[in-house]
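Chain nomenclature is as follows: A, B, C and D, assigned in order of appearance, with residue numbering initiated at 1 for each chain independently.
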Amino acid sequence: MQSTMSKSSYSTGELMAVAIARQMKHHDGDWAAVGAYSQLPAAAMKLARILYAPNLWWLAGGGGAINSSSKLVTSTSDHRVLRGAEYVMNMEDIVDIEMWRYSRDNGKIVAVVGGIQIDQYGSSNMVCVGDYAAPKVRGVGTVGLCFGVSFGIVYFFTMHHTPRIFVEQVDFVSSPGHTPERKKYVPPLCQGPQLVFSPLGIFDFAPATGTMRIKSLHPGVSVDEVQSKTGFPLGVPEQVLETEPPTAQELAVLRTQVDPDGLLRELRITR
Amino acid sequence: MEVIDAPQRTRKVGTLQQAAALIKDGDTLAFGGIHSHNGPMALIREIIRQGTKSLKLIANVSAGMPADLLVGAGCVDTLMVCYVGLEHLGMAPRYREAAEQGRIKIIDGDEIYYVLGLKAGALGLPFVPYPPGHEARDNPKREPTYQRTLDPYTGREIIVSPAIAPDVGIIHAARCDPYGNVVHLGSVVADDLIAKASRRTIVTAEEIVPLESIQADPKRTSIPGHYIDMVVKAPFGAHPLSCHGVYNHDEAAIRDYRDADIDAYLREYVFGPKDHFAYLEKFGIERLLNLRESL
Amino acid sequence: MQSTMSKSSYSTGELMAVAIARQMKHHDGDWAAVGAYSQLPAAAMKLARILYAPNLWWLAGGGGAINSSSKLVTSTSDHRVLRGAEYVMNMEDIVDIEMWRYSRDNGKIVAVVGGIQIDQYGSSNMVCVGDYAAPKVRGVGTVGLCFGVSFGIVYFFTMHHTPRIFVEQVDFVSSPGHTPERKKYVPPLCQGPQLVFSPLGIFDFAPATGTMRIKSLHPGVSVDEVQSKTGFPLGVPEQVLETEPPTAQELAVLRTQVDPDGLLRELRITR
Amino acid sequence: MEVIDAPQRTRKVGTLQQAAALIKDGDTLAFGGIHSHNGPMALIREIIRQGTKSLKLIANVSAGMPADLLVGAGCVDTLMVCYVGLEHLGMAPRYREAAEQGRIKIIDGDEIYYVLGLKAGALGLPFVPYPPGHEARDNPKREPTYQRTLDPYTGREIIVSPAIAPDVGIIHAARCDPYGNVVHLGSVVADDLIAKASRRTIVTAEEIVPLESIQADPKRTSIPGHYIDMVVKAPFGAHPLSCHGVYNHDEAAIRDYRDADIDAYLREYVFGPKDHFAYLEKFGIERLLNLRESL
């Protein structure tokens, strides 16, 4: 029934959206935040609510739509995202829930976010490349990554997998990964980064060291390839799994209900 | 296309009995509405019926009968007071008596203490910092839950009050969908803040509307369902208070409550009727329907 | 044109509402808060907006209606007050504006409030009569009087004029009048109590001493009467003015547009 | 009955020129909207036209072209950054260049710093107190406007950030009445907070609606008029950004802006056109009307 399609029949964007959607099985009833420039996680949330996690609540970025059911558009703050939503948050609403939800016992706050740099401990940076006082690249700013210490669980996604993104140590900690300072200051219920979804694979963090390691590689990706495109030594499990490709049902729902305009296939994703 | 074997969204609909059972002895309980409006009265009667004790009650910003009844029924141990009274109908008699006799502990708050306390509770902020001036009022002097700290920007000592994070919040609204998306037709007052600050929130609603009616106009939703743990259908569930946009308050019934012997009142209107509809029967359909008034 | 009617042709409630409305001439463009159990100031705001201060913004108590234009009802948080309003505030909105408006240069925040005790300095009490720890009367609570140190200007109204209300010194300072502590702690732009509207007259505060004095007495009220019903010595000006009775136009607008049900004539006001 | 000689309510309607003149050199200026949506672009172009300098710009929570254009035009001295970029269209080039060359001072905020800072500004709170955890982030370490104080409830040292109270806030919305009552048809984002926190607020609106249309549905009003000092009618006043509920953003025009020489762009689209309608003429009625899309 749930036949697997060959690699060429789906795009990397579709593969990643499906992978994130499947992870949302663990978050049925939780609340997930998706930021700007986030077609991948936005598509994943829509797909997850249809197939895997009907009780997932999700926020489409700064526009504030809760449980948007409209077709995928480029910007999560586009007004078209509001169609068929269940509530429209303003910024106060967003900060109210993203800053401190772990005190509630009826659902975790989950976020799917990015960074211009992500390091081996899962710290993320949106502020600068190089010295903060005289940056080589001035980034967009920390924006919602400030909630990295209040979200229950953080997932990363990236559109590219390069040593410039996956660095040994971020130049600015917008959101801390599994650092000594997290351990010292952040309440344990805020568990920090759990998975990274990149165009090459899915990565988790070794509990003992808090460092990034391969969980699965996308079809056709080798350990050597991903290591060569990563700026620090990746943990490699004894058996490297292959990311399960999208099923026919997942692709059908994605292409008919979630993303009929095919934005996921047009995304500029670097492998 | 048809989606096969996909799980279905879970309805959060429960009964008044199930909702009241979520409130445990000793819980901090906040309730919504204001004055004679939008109080979750049917649920409050059920809480009393279940014999819940030692509540730490966060009375709403201007509380009347809901707080007075819970105090009169002996359910309340500690009462956070912003305003408790019956507006033009006078003092809230059981609150006043219990406070004057020292039978309940009072936390003397006010609108800032209550509203910004809930906001801090929702956000997880450690406290509410006050601007200068409040040193000239007695609440920060007499109520020991206020504290002081330093404003590092000015070097000035400032007043702070605590964050408020109730165990359970209970609110009543005109409409709610099965997943907890709430629509107030009139004033929201602090119902939204209560839902945000409380660990669990229960909504009683005049009617349960389909999801589609929420999706048709998401900007009308007053509280998103992710804050809501249980939804209970309770028509005339605010009686004898009003439900904004649906019916007016039954002022004669509130006067009768005020003037009654509390034990006799509890027997007749709380413990006597077997459920909410039996309570409503005591007033009759003509009286209830004559209270109806849309906005 | 604006003929004055004889005393018997209007109620004390109507007289007081008109007096408060006239004071609002000084607040055209300002923002005024009216609390619960406040038919007098609510009627005054409606009347003022029609005749004297069309740019006055006013809040009807906890229900949150801004510029309610419906007929007078008993409770300012009744849903019928929302009809024809221009905005509906929730409690966060109310606290946002009442806590700190004096930093804005485009309008003052004015409030018309009461108390179970008001003393000679204009301090007001809603908490207790007698000792705080063992009160003779436990009051309703400080509620919105906490804003007495952030409002630009405070006016009091009372439905009764007795020595139990007008006391030498309040038993609990819900809102401070012209006290040394106000002078020490409260920003000068928050000017505190300016006038008291009672069923017997209108009172202000002597700038030098900060104590209450007669501004005008309502028709038929003597200095002796008001002094005998006041728990502290009132300042008496050289010439005691008589409160100007309502004009025919004021009464006509009040009775046809503001209060067609005659609630102001039914108010239980003690003279 | 007829009311004789009663004064009339004052309309707050002004022109873009009058509105821009309210913003003085050196002012702290906040603007509304988010990303490519709801920015008050017509007014921003007029501010540039008037040669306003040394602004302390509070960029909105996710600012794109409005911030970049003001920086590129040399109007900005200090920039409070939460996010400044062009979303899927890449970096905001003039912001990036000015920041990397040290030509503007950056205040490195984030969503908490910005939103709760404005909230504290609206309320007059002395600062924003943080819950534990933010010690593990670099913003509080590297941005010197953060401070520390004591939480008297726990004895713990906590992080605080400052209140933000702009001199002027400017927002764009679908509708506004002549007295300043605003209606957003789509997302409000932080426009309401900007109005509350700023000493003066200016609204540009697609249309000026009569008071009666506001009174017919007061719960639709997104910002009450008492916060608004001037109302300016500016159809397509957010172009090339979207106005939620009225038209989509003009992505091609934003790309053209991104790729243009900034001086040439300013000459052609800001200083060249004699007014807002002359700016719109550069795009033409067909292109503009094809952007229309209601919600």
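The rule is short, and it goes like this: contacts are C-beta pairs under 8 Å (C-beta built on N, C-alpha and C of every residue); 3 or more make two chains touch, one makes a residue touch a chain.
Since the structure is predicted, the reported quantities are computational estimates derived from the model, not experimental observations.
Novice: Identify the chain pair with more contacting C-beta pairs: A-D or C-D.
Specialist: A-D
Novice: Between subunit B and subunit C, what distance separates the C-alpha centroids? Give it in angstrom.
Specialist: 29
Novice: Please tell me the distance, in whole Å, between the geometric centres of subunit B and subunit D computed from their C-alpha atoms.
Specialist: 37
Novice: By residue number and range, which residues of subunit B touch two or more other chains?
Specialist: Where subunit B meets two or more other chains at a single residue, that happens at 116, 119, 123-125, 131, 219.
Novice: Which subunit A residues touch at least two other chains?
Specialist: Counting only residues that touch two or more other chains, subunit A contributes 65, 82, 88, 92, 95, 99-100, 150.
Novice: Once the touch criterion is applied, which pairs of chains come out as touching?
Specialist: All touching pairs, sorted by chain label, are A-B, A-D, B-C, B-D, C-D.
Novice: Please output the residues of subunit D touching subunit B within their complex, sorted ascending.
Specialist: Interface residues on the subunit D side: 116, 123-131, 147-154, 156, 158, 160, 162, 219-220.
Novice: Can you list the residues on subunit A that touch subunit B in the complex?
Specialist: Spelled out, the residues of subunit A in touch with subunit B are 1, 28-29, 31, 50-55, 57, 65-66, 69, 82, 84-89, 93, 95-97, 99-100, 103-107, 150, 249, 252-253, 256-257.
Novice: Write out the stretch or stretches of subunit A touching subunit D in their complex.
Specialist: Spelled out, the residues of subunit A in touch with subunit D are 36-37, 61-65, 74-75, 77-80, 82-83, 88, 90-92, 94-95, 98-100, 126-127, 132, 134-138, 140-150, 172-176, 179, 181-182, 184-187, 190.
Novice: In their shared complex, at which residues does subunit B touch subunit C?
Specialist: Of all residues in subunit B, those touching subunit C are 34-37, 61-62, 81-85, 87-88, 91-92, 95-96, 99-100, 102, 106, 108-113, 115-116, 119, 131-139, 142, 185-190, 192-193, 242, 244-245, 248-249, 293, 295.
Novice: Can you tell me which positions in subunit B touch subunit A when the two form their complex?
Specialist: 1, 3-4, 6-10, 119, 122-125, 165, 177, 179, 181, 196, 199-200, 211, 214-215, 218-219, 221, 223-226, 229
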